[in-house]
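First chain written, first letter: the chains are A, B and C, and each begins at residue 1.
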Amino acid sequence: MKQPAILLEELNISYGPTRIVHGVDLAIDEGESFALVGESGSGKTTILKAIAGLAPDWTGTISVLGRRRGHRPDRAFARDCQMVFQDPYGSLHPRKTVDDCLSEPLLVHGLKERDRRVKDALDAVGLDQRFRFRYPHQLSGGQRQRVAIARALMLTPKVMLLDEPTSALDVSVQAEILNLLKKLRREQGLTYMMVTHNLPVVSFLCDRLAVMRHGRIVEVADVSDLKSGTLEHSYSRELFIASGGEPAA
Amino acid sequence: MAVTYRDWLLDDSPSSRLQAGLGRSYRVSMALARNPLAVAGALIILTLILMAAFAPWIAPYSATGQDLTNRLMPPSAQHWMGTDELGRDIFSRIIHGSRITLMIVTMVALISAPIGLVVGAVSGYFGGSTDRIMMGLTDIFLSMPKLILALAFVAALGPGIENAIIAIAITAWPVYARIARAETMTFRDAEFIAAVQLQGASSTRIILRHVLPLCASSTIVRVTLDMAGIILTAAGLGFLGLGAQPPLPEWGAMISRGRNFILDQWWVATMPGFAIILVSLGFCFLGDGLRDVLDPKQENKQ
Amino acid sequence: MTRPLLEIENLTVTFPTAQGPIEVVRNVSFTLGRERLGIVGESGSGKSMTGRSILKLIRPPGRVTADRMVFDGIDLAAQSDRQMRHLRGARISMIMQDPKFSLNPVMTVGAQIGEALQTHRPMARSELQARVLAMLEAVRIDGPERVAGLYPHQISGGMGQRVMIAMMLIPEPDLLIADEPTSALDVSVQAQVLDIIEELVSGKGMGLILISHDLNLVARYCDRILVMNSGEVVEECVASELANATHPYTRGLLAAMPRMNEDREELPVLDRSSWATGAGT
């Protein structure tokens, strides 16, 4: 049997005294694009952070590519799994050039051929080489998000965690980034776990989705159910209609 | 040629790390050059540095050579700032004294700023009990009056410039630690820090390469503004006889010696006083200018 | 025929920069009756600046010029700051994006709403209290007595935005400008808030300018739409006719949006070169 790329078992996550996520079980196959949808406060981003090691206060099991995950970020894990953040304005160091930003993971892991790898990464995300030595304030929001994606790809991970990667972008830029994410997944055989509140984006980019509410998963469905408007849980339907979906007759 | 050089610096798409870095420095210096007070400050500091570097060539007389026949002469063509009670040329002493002042200021900055930065950044980055312990320590130092603490240290270590420098540095770092900590707290949870954590970078690496560069500019500004205070503290120690020892031409010590003659031979104490005021002002102007330029909020507007 | 509520002709907003002045809004003209007008555009399109310049909220060094800027027979350009303060709130109101930054954290919700009314129309305390509670009820807040005594940090984002609406509408203005009123809210709450705005606006026969980046949302809640791009209005159409928009920019925006039932392998990307007039990054 094929092992899942991400496996969550009985996952409970707390921030201080309050428990945010309650008993989540989830298995995401390798090569799959999976969406976690829900409204603010539903705990979807918290799950992503726990997998990444940024929300250390959890119990249960998190396995990535068959390996049990610790509670903190670590070097070996970094090669398998990377994350793209929501806000392209906050996720790049304001005093570092694009080149510094992309070289950093290579330096941390002592990888050779930095020059070539940085050039390749820029090509892969569709950024011209002339952006290589620019500072973030010389880039637009969409260009910054491309840099953030390139940074996540530097260590050639298999699993990518995407935290609302397009919600801070304009519609036309969102389309470019979504196309890019789709292309990268096809070319590099990536597994995506994406958090979003935007159902049409899920419809474009994902294979399956889980709907979350109050820290629990209420429904796991195939994206075809989303497209045809046949989600089962009443809350999922509520979200569907609020997002402008036409319910199936 | 000058135009193409400027274009190269301001190129929107630099082709190397060096060009990008130089371009940024160029932009900062251009912004600084548009601020008249900052330029005035920079000129004063530059003069101080040149004076210190070329003191033996600039000074018309020796700093320590006595000439008892020419005691306490008022300012004249031979002695631009007059002479002191041992017939030494005050102008020459001030020029040589700039070396001492510059050395004190530089050494204090070099010792205290890094200590403060590291303590503050570590404290702010880790938070929790690390933060409480380190900030508790900082607060103890911060709660004591600067000059008194420096006095106590000099009294313990013995008078002399080196000890004065150590004493001032020990009293100066807590402020920088506070600033660096406050700054670190504002972006500790920022996503660009989380991103490096996810890449497996060690805490040491994150603090040194990602946190410190962001605290640096506000600390540089603060250090520059504090230079005036450092000079005054050093002068104060010198005035009390705990800093530089005679016959070294330290400005504070010179004022102290001139105190005896202040009513009849005003120039003996006044000239080094002017020098202190001028240099302090220079650092203040430069610091204010730097603050306007290095403020990250300003930078976004470029 | 009644005269229009708002007439704007050749509105231009200029900001000086190191590279020379930049026109963030360029020759925008429109008239507004007692209807709902949507202004759509991406960031930097000048849509918010248009809204703010109507209330003369553009601060120097920004400069606003217009051939004609008339609100209900009042020439806005000729109004002094003091006269504008009387207009703002009383006759023209504005709802901002995030209620967190628009509400005073140390005043209760009820007191803030009351103050909004009291400044423009002094009245007895008991009458004021009754009006505030009625208004809270009108924005569909359960238990208005309880909520009126709460502080802004004690209420959710959706409720905060409803409180803002109550505050803006209690002086019964003639024109409401809503600048991204729901962008900070969850989708399900968005609909509620917009429904409330719509109901109150059409119920009272007010004019509404809804500024948003979301084409679908504007199409759903407005009668007419202006599409803005780099400071200019590129398309003006009736909301129901949005699907038949002609300008390449509007068509590009519509196409670039993923749909709920998405079967395209790739989203069409805007080709800006065909019309853009050198918009910066």
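One rule holds in what follows: a contact is a pair of C-beta atoms (placed from the backbone, for glycine too) under 8 Å apart; a residue touches a chain by one contact, two chains touch by 3 or more.
What you see is a predicted model; the values in this text were computed from it and never measured.
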Shared chain contacts [chain A and chain B, defined touch]: none
Greatest separation from chain C - chain, by CA centre: B
Distance between the centres, which are taken as Cα means, of chain B and chain A, whole angstrom: 47
Computed distance of Cα centres, chain C from chain B, in Å: 51
CA centroid of chain A to CA centroid of chain C, Å: 33
Residues of chain B touching at least two other chains: 302
Shared-contact residues (touching 2 or more other chains) in chain A: 138
Sites on chain B touched by chain A in the complex: 12-17, 19-20, 24, 190-192, 194-201, 205, 209-210, 213-214, 296, 299-300, 302
Touching residues (chain side chain C, partner chain A) in the complex: 42-43, 157, 186-191, 213, 215-216, 220, 252-253, 256-270, 281
Interface residues, chain A side, partner chain B - complex: 52-54, 73-79, 82-83, 85-87, 90-97, 99-100, 104-105, 108-109, 130-135, 137-138, 148, 151-152, 154-155
Complex contacts: residues of chain A adjacent to chain C: 39-40, 138-141, 143, 170-176, 178-179, 182, 197-201, 203-204, 226-229, 238-240, 242-246
